[in-house]
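These notes open a run of structures that come right after.
Next come two complexes, and both contain subunit A; in the first it sits with subunit B, in the second with subunit C.
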Partner chain A sequence: MHSFGYRANALLTFAVTALAFVCAISSFSDKFSNQNPSVEIQILNINRFKKQSHGNDEVSLTLDINADLQSLFTWNTKQVFVFVAAEYETPKNSLNQVSLWDAIIPAKEHAKFRIQVSNKYRFIDQGQNLRGKEFNLTLHWHVMPKTGKMFADKIVTSGYSLPDAYR
Partner chain B sequence: MGWIGETVDSIKSIKIRQLLTQAVTLGMIVTSALIIWKALMCVTGTESPVVVVLSGSMEPGFQRGDILFLTMTKEPIRTGEIVVFSVNGRDIPIVHRAIKVHERGNTGEVDVLTKGDNNEVDDIGLYEEGQIWLHRHHIMGRAVGFLPYVGWVTIIMTEKPIIKYILIGVLGLLVITSKD
Partner chain C sequence: MDWQGQKLAELLMQILLLIAAVVSFVVGYATASFRTMMLIYAGGVVLTTLITVPNWPFFNRHPLKWLDPSEAEKHPKPEVVLSSKKKSSKK
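Let's turn to the complex of A and B:
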């Protein structure tokens, strides 16, 4: 009952249980943080808007993204993954979500930013539906914790539209 | 000399009973682990409720050796979700983020494009030859939670199988030689 093996086993079990408990409550503590992020997105310029050789519409645009995500960071946050997606509807597809830009915010100091950037990923439709199309630009964020439950949310800004003709 | 025979017999029978008890206890431990695993599969709705991150394509969020908890609900797949998918021709499932989603109005089917956070390009190179979208049946689950470092045990056991055999050998030895 007092051999090295028994003691090591008891210590190890207790250590693992305590560690699991600490991970669980640190994840649980994320529920109590007050979060009020804000974002403003503007389209600065439509750089290119054409039909590709195999038929699909493609847009290239420059965005101005002004965001304050500092309230999303808690002591249990490892990083926040943020991306801007264009969301729109077409006759064939009830929902299209195309990510235009994303970034990883490693710490609270970097979470308040304003950047002008052109789309990192190609904005290509499944078809030729983009002329005159109205769409939303949604800023999504994904909080990745040091341990435990990840959570994600978004802010939708609407009212953007593409020109009626190709350029 | 009947009592010698009796003593020898009783010694032999104790050994056998002990051995059988230990075998049954071991069997109970293994089957309860299996029950827990299957119950987890039921509750989360996916065939692999826990996976180990094997590559660095989602760094710095997920490092090699982290464990991800997955669920699969009937909710539609949306951009930003971290999905686990398998493609024909690859047996190891991949954990990346959905960056493009096109959902058909009438059938509800989706075309999904994924990309690892730390990769330069999207995953088209990882899909099957000629495939440019993932569909719902490729996707096995969504990551909802994570624990760092715990998965290294699995990685070590897979990459150096000798350690697995040593561990099982030691466990077997402990079971046989323990007094209770």
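Let's turn to the complex of A and C:
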């Protein structure tokens, strides 16, 4: 501590160490928030359901997504990424996950929303298994904190089925 | 900066930064604002820098008192004798 440079160096080191601890505690404080997100997804319409020329089934549908994810936001949350995936089982794959729609929620004010959209990404099966297929629509979310570990969770809503014939 | 001043500067630096960290976290958590926390902590670091890094006069209150050169000449250094003899004489 005998010179300007040594004091500046010691101060910077200590300051950054303390900052790391503050960030760790901030991240830890998230554990005390209780999260109770809710979501309801309805299929308003099957817009198109056909076999592609090279043989895979493709569906276009309109979704009504009514979600309340406000409880995911704490003071340490930067943003939340959400996506809706159709999940179903086929003889070839025990779990197919097809992302239909996604969004980035930048703030708590935008975390309660209701939108009606047709699928943003194409819903294509690996094969011709979609006629009469029962499937789940799952809302997945990834919480990106300002400091700390990212974490993900999901809500599964089940009981949807596709028509028995192409249209 | 003298010896006492160096000790004081280090102690002040650590205490002030810890206070800044605790205050910023408490205020940030209470107002649910990460930005406020960072601004308070940054302010604390700047304040600590201003207080402890420059060589302020109050770090120099305990100057070392060296002997006057003339005084030193009156008491010449003890002559260097063979180390073995010195040790034995001490015992």
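The rule is short, and it goes like this: the second predicted complex is superposed on the first by the 166 of 167 C-alpha atoms of A that agree within 3 Å, B and C clash if a C-alpha of one lies under 4 Å from a C-alpha of the other, contacts with A are read in each partner's own complex, and residues count from 1 in each chain.
Definition applied: a contact is a pair of C-beta atoms (placed from the backbone, for glycine too) under 8 Å apart; a residue touches a chain by one contact, two chains touch by 3 or more.
Note that the structure is predicted; figures quoted are calculated from it, not measured.
J.: Subunit A superposed: clash or fit between subunit B and subunit C?
T.: Fit: subunit B and subunit C sit side by side once superposed on subunit A.
J.: If we overlay the two complexes on their shared chain A, which of subunit B and subunit C does A:H54 touch? Say first, second, both or neither.
T.: A:H54: touches no partner chain.
J.: Please work out whether A:R167 is in contact with subunit B alone, subunit C alone, both, or neither, and reply first, second, both or neither.
T.: In the superposition, A:R167 touches no partner, neither subunit B nor subunit C.
J.: Name the contact category of A:K31: first (subunit B only), second (subunit C only), both, or neither.
T.: neither
J.: Kindly classify A:R7 by the partners it touches after superposition: subunit B alone (first), subunit C alone (second), both, or neither?
T.: A:R7: touches subunit C, not subunit B.
J.: Does subunit B (first) or subunit C (second) touch A:K146, or do both, or does neither?
T.: both
J.: Considering only the touch criterion stated at the top, classify A:N76 as touching first (subunit B), second (subunit C), both, or neither.
T.: In the superposed model, A:N76 contacts subunit C only, not subunit B.
J.: Could you work out the angle between subunit B and subunit C as seen from subunit A, using CA centres and rounding to the nearest 10 degrees?
T.: The vertex angle at subunit A equals 40 degrees.
J.: Between subunit B (first) and subunit C (second), which does A:Q126 come into contact with in this model arrangement: first, second, both, or neither?
T.: first
J.: On the superposed three-chain arrangement, identify whether subunit B or subunit C touches more subunit A residues.
T.: The larger set of subunit A residues in touch belongs to B.
J.: Going by the contact rule set out at the top, does A:A18 touch subunit B (first), subunit C (second), both, or neither?
T.: In the superposed model, A:A18 contacts subunit C only, not subunit B.
J.: How far apart, in Å, are the nearest Cα atoms of subunit B and subunit C after the overlay?
T.: Between subunit B and subunit C, the minimum C-alpha distance equals 13 Å.
J.: Which parts of subunit A are in contact with subunit B and also with subunit C?
T.: Shared contact residues on subunit A (touching subunit B in one complex, subunit C in the other): 146.
J.: With touch defined as at the start, can you tell me which subunit B residues reach subunit A in the complex?
T.: 60-62, 76, 78-82, 97, 99-105, 111, 117, 122, 143-148
J.: Enumerate the contact residues on subunit A facing subunit C in the complex.
T.: Checking each residue of subunit A against subunit C gives 1-2, 4, 7-8, 10-11, 14-15, 18-19, 21-22, 25-26, 29, 74-76, 146.
J.: Which residues of subunit A touch subunit B once you look at their complex with the stated criterion?
T.: Touch list, subunit A to subunit B: 23, 27, 78-79, 81, 83, 85, 91-99, 102, 104, 106, 121, 126, 140, 142, 144-150, 152, 154.
J.: Going by the contact rule at the top, pick out the subunit C residues touching subunit A in the complex.
T.: 1, 6-7, 9-10, 13-14, 17-18, 20-21, 24-25, 28-29, 32-34, 37, 41, 45, 48-49, 52-55
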